[in-house]
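Next come the structures, one after another.
Look at the two complexes coming up: subunit A is in both, with subunit B in one and subunit C in the other.
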Partner chain A sequence: MNASDSEEDCYNERTALVQAENPALPSYRPEPDPRPAGQCEYVCLSADQEADVDDEELTLKYGAKHVIMLFVPVTLCMVVVVATIKSVSFYTEKNGQQLIYTPFTEDTASVGLRLLNSVLNTIIMISVIVVMTIFLVVLYKYRCYKFIHGWLILSSLMLLFWFSFMYLGEVFKTYNVAMDYPTVGMIIWNFGAVGMICIHWKGPLQLQQAYLIVISALMALVFIKYLPEWSAWVILGAISIYDLVAVLCPKGPLRMLVETAQERNEPIFPALIYSSAMVWTVGMANPSAHSERPAQDAAPLWEGTAHSRWVGGQTSGAQVCLLYFSGGVKLGLGDFIFYSVLVGKAAATGEDWNTTLACFVAILIGLCLTLLLLAIFKKALPALPISITFGLVFYFSTDYLVRPFMDSLADHQFYI
Partner chain B sequence: MNLERLPNEEKLSLCRKYYLGGFAFLPFLWLVNVVWFFREAFVKPAYTEQLQIKTYVKRSALGLLLWVAVLTTWITIFQHFRAEWGEVADYLSFTIPLGIP
Partner chain C sequence: MTAAVFFGCTFIAFGPAIALFLFTIARDPLRVIFLIAGAFFWLVSLLLSSLVWFITVQISNRDSAAQQKGLLIFGVVLSVLLQEIFRFGYYKLLKKANEGLLALSQEETMPISIRQLAYVSGLGFGFMSGAFSVVNILADSVGPGTIGIHGDSQHYFLSSAFMTMAIILLHMFWGVVFFDACEKQRWWALAAVVLSHLLVSCLTFQNPEYVGSLVPTYVIMFLMGVWAFCCAGGSLRNLKLCLTCKDKDFLLANHRPR
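Our next item is the complex of A and B:
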């Protein structure tokens, strides 16, 4: 099967870890609402307030809570991928079909040629990603929102319907279950339609998060199946370097995307980003500038301001309150996908569970470190490099050094 | 999307849209409607739109039960009689298990 183009975009722009709004303001002062309509109170934060709470403490509290908030979805995604890899053999069978993005075969006689082919595959894949990213950023800059939305809708349609149909089919075959077309049709139709509604329109937050996790897992499974062995590892390495460059360099496409979105005070497309809580972008006194998604009082930093309700009603031109509520951290879906690809490949080709667990732990450690850096630097950071580096190091060292060592120890009944 | 932060009219409108959407062969949408708006409809203290939201939630639950009944019946019939129906069953089958039934 040659996968079509529309699945590429899924991970292009998704490899960025963005801190939801800037929490660096030292403190808050609840402001009584002077307006008679007053169906709500709101929190007004002004920059010249004296810091009540120590800044360091804020940073650490912020960082720790959000590490946990991201552990759960990343773990879930990896668990789904590993469970599927271990049980459904379809995703580990190689039958020679490859994506058009990796045209060079790895079935070659010599090691050198194989290495060369995998490097060439990587170069092609990365260039495709770069081109798509730049294309997306250009479209975003020139406000071609309809085109972008159409593209995103098409790709989520494909993920939610076609890939899940394939997945379901393979699961049924593995467990030798008879299934008829009407039932399968109903299941896929329901799954897909509700998924589209939740991701692109309005739906319960947990359901939206669940769907994003599922589509990341599906995408990761497709990569695991259709990327040849060595190419996959080289691609993982190359894409972390690309992520580093794209997010941190001043002219990097992802950085430009994030900055443009922040300038315009718009949320980045919901279909590309997993957010751990709802985030209020900027609340000006003019309600029309609001993002339509209000925040939830999740962060412990803002204990006293537990109520941040919808600011409806009139504007009062004089008072421009910068309402932001960093209720969460956002992680691009591409990060989910590549983390899961790494762990999935470790599960598929590693000899036993030690390798898989080691990679899993490595990725979580990397994620912790990245979030720590995020709390320190307070700007968009690439989420792939640290985790993938640790993951690759742990995979190769566990598979080739630790495991034989443990096996010898076990052979000689030597316990340490 | 946090329901707490929405004004009541919007909650009602959302509930209605989910209810109407479920008629497109989407019992899952009705399920989401019931689960999501359950607290709004039955646990929260009364407000003007709550009565309507209650009706929508009840009807969604009813529709959901109906669909569950229909699907369960069909699945049971199919699984039981699949081997006997022969060719028709094969035509209907998405996956056919290996081995002797």
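Our next item is the complex of A and C:
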């Protein structure tokens, strides 16, 4: 395929549909890739070599764009969660039901016992997550793709059908809308079926992104409802630390996962990673040895495993080749979920909107800093620690320090 | 106390700011990032001033209303001063970052000029300040209730909205003048910005005598607007050219026919 073909040639009806997994964009490597090159790839490889010098500029120019490409979905997810929390009271009612991963109750008399119970809950939850992650890495290492694929399909089935049915039911209850089962059945069937196709197979990129945002929001709402108060905060803190360890330590499970996937030159967990790449690079499907897509491998999401909580960046030397362009940045859905849990809990506690706003800005700044570090270090980084730390600090300080101050000011109508 | 009041007050308070954001900032990712960073800096300054106020309240006499009011006034003044200090800190950080970016990218020009940064950071400060002042009030305006039922002013929501709009625009003008003053080492201009901020905040001590606080605030806003316009390079001639669509540079840059 000639790189000088116009884009219209490649972009016909069939190629307009985008695979759920991203085509393997050549990841940033300083040394050239010794692959049998089709013409298109050859052009891109030479561009790759020239691109080393210009890569800094490219990173800077597109860095800001990538940040915004992640800001928008994270903001949307948080907006959905906050809007639901503020309007549908179901997700803030605590009726004593808890997840089996947090068996200790917080309805105790003394503060010390409550703290102890929440710490124990956290330990259990984090152990479950660690075990699941290691299990997944083992499965991936031994190439049990079918098992992973099946696991993933089951969990997205549950999210797309059952949880969204519950959500729809609660929204109808809140607004007192009369609805019959056949209509609901049709709505949920269509929603779920299109979601499964978009996420696991092919679909327009924006629809796929929208579905990923929706399932992250649904998952976050489930966590907000079923995690007890103090346990939720301790879990948020603990999971940031786990994320840091799992992605950066040499023997960390997530790091091993990333490295194995890079060795095999496969995209990592394509279906449960939000990718901001605008992929009309389907025209690049010039088969080389590596572009046969392996079966999907991805992280089961709803068991609370936060496998995909990392940020990976791929830039390709894209200036010369018209068919590629600089790949986007990827953010795991677990990150979306935990950011939304933090902001949702901030919205759930009380009438105050200032806390929610403060957490929102703090998380965005944390994400920005993480992406800056990504641009500097150019390898997979944990996306949770900085944002969650900022979020927690701002939540507690705004709730306890800023709120009384702003309330007194509003009382007297003083402006600062 | 209806949806009409809610929407009306929201659009009064945030209308100009959102329009500015949509037309001048939303297209450029770098500007959006610096806007949010500006908002973050304002937030940190508020946090520090709340911390100090909180400590003073804890060690004071809770029952004496006069003392509490005095402490609140002290809190307001401290907050204003801290906001300006953080604005200066943000300026320093941006200068350093710009130099770093320039060195790194081997390009001739910076991707974003210091004047654009002044505008964007001022607006960021304004957004956050306005949001924190008015969002809770707007949320209350939706719900059931009667305003001023105990004899307080009927115009609480409306005056809050107008004040917020003034504050947001003022922050933007202050940002532009402040950065320009720092660039040209004009310390009297810096002091003027700080003093005008203090003046605007102290005027609000007269609330609910809204005439006494809103009218001077709007006068100050208009004057600061003119000053910021001149700092940013505007002049009467520019204005005339712009309004009669004869400014060739602008038209060329926007690919429009003359």
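Note that the second predicted complex is superposed on the first by the 311 of 416 C-alpha atoms of A that agree within 3 Å, B and C clash if a C-alpha of one lies under 4 Å from a C-alpha of the other, contacts with A are read in each partner's own complex, and residues count from 1 in each chain.
The rule is short, and it goes like this: a contact is a pair of C-beta atoms (placed from the backbone, for glycine too) under 8 Å apart; a residue touches a chain by one contact, two chains touch by 3 or more.
Note that the structure is predicted; figures quoted are calculated from it, not measured.
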item	value
Touching partner for A:65 - first (subunit B), second (subunit C), both, neither	second
First (subunit B), second (subunit C), both or neither touched by A:409	second
Touched partner set for A:202, first subunit B, second subunit C, both or neither	first
Which superposed partner A:362 touches (first subunit B, second subunit C, both, neither)	second
Residues of subunit A that touch subunit B when the two form their complex	39, 169, 172-173, 176-184, 186, 189-191, 193-194, 197, 202-205, 207-208, 278, 293-296, 309-310, 312
Complex contacts: residues of subunit C adjacent to subunit A	29-30, 32-33, 36-37, 39-40, 43, 46-47, 49-51, 53-54, 57, 68-69, 72-73, 75-76, 79-80, 83, 101, 104-107, 111, 128-129, 131-133, 135-137, 139, 156, 159-160, 163, 167, 200-201, 204-205, 207-208
Of all residues in subunit A, those that touch subunit C in their complex	56-57, 60-61, 64-65, 67-68, 71, 351-354, 357-358, 361-362, 364-365, 368, 394, 397-398, 400-402, 404-406, 408-410, 412-416
Residues of subunit B touching subunit A in the complex	1-2, 4-7, 14, 21, 24-29, 32, 35-36, 71, 74-75, 78-79, 82, 89, 92-99
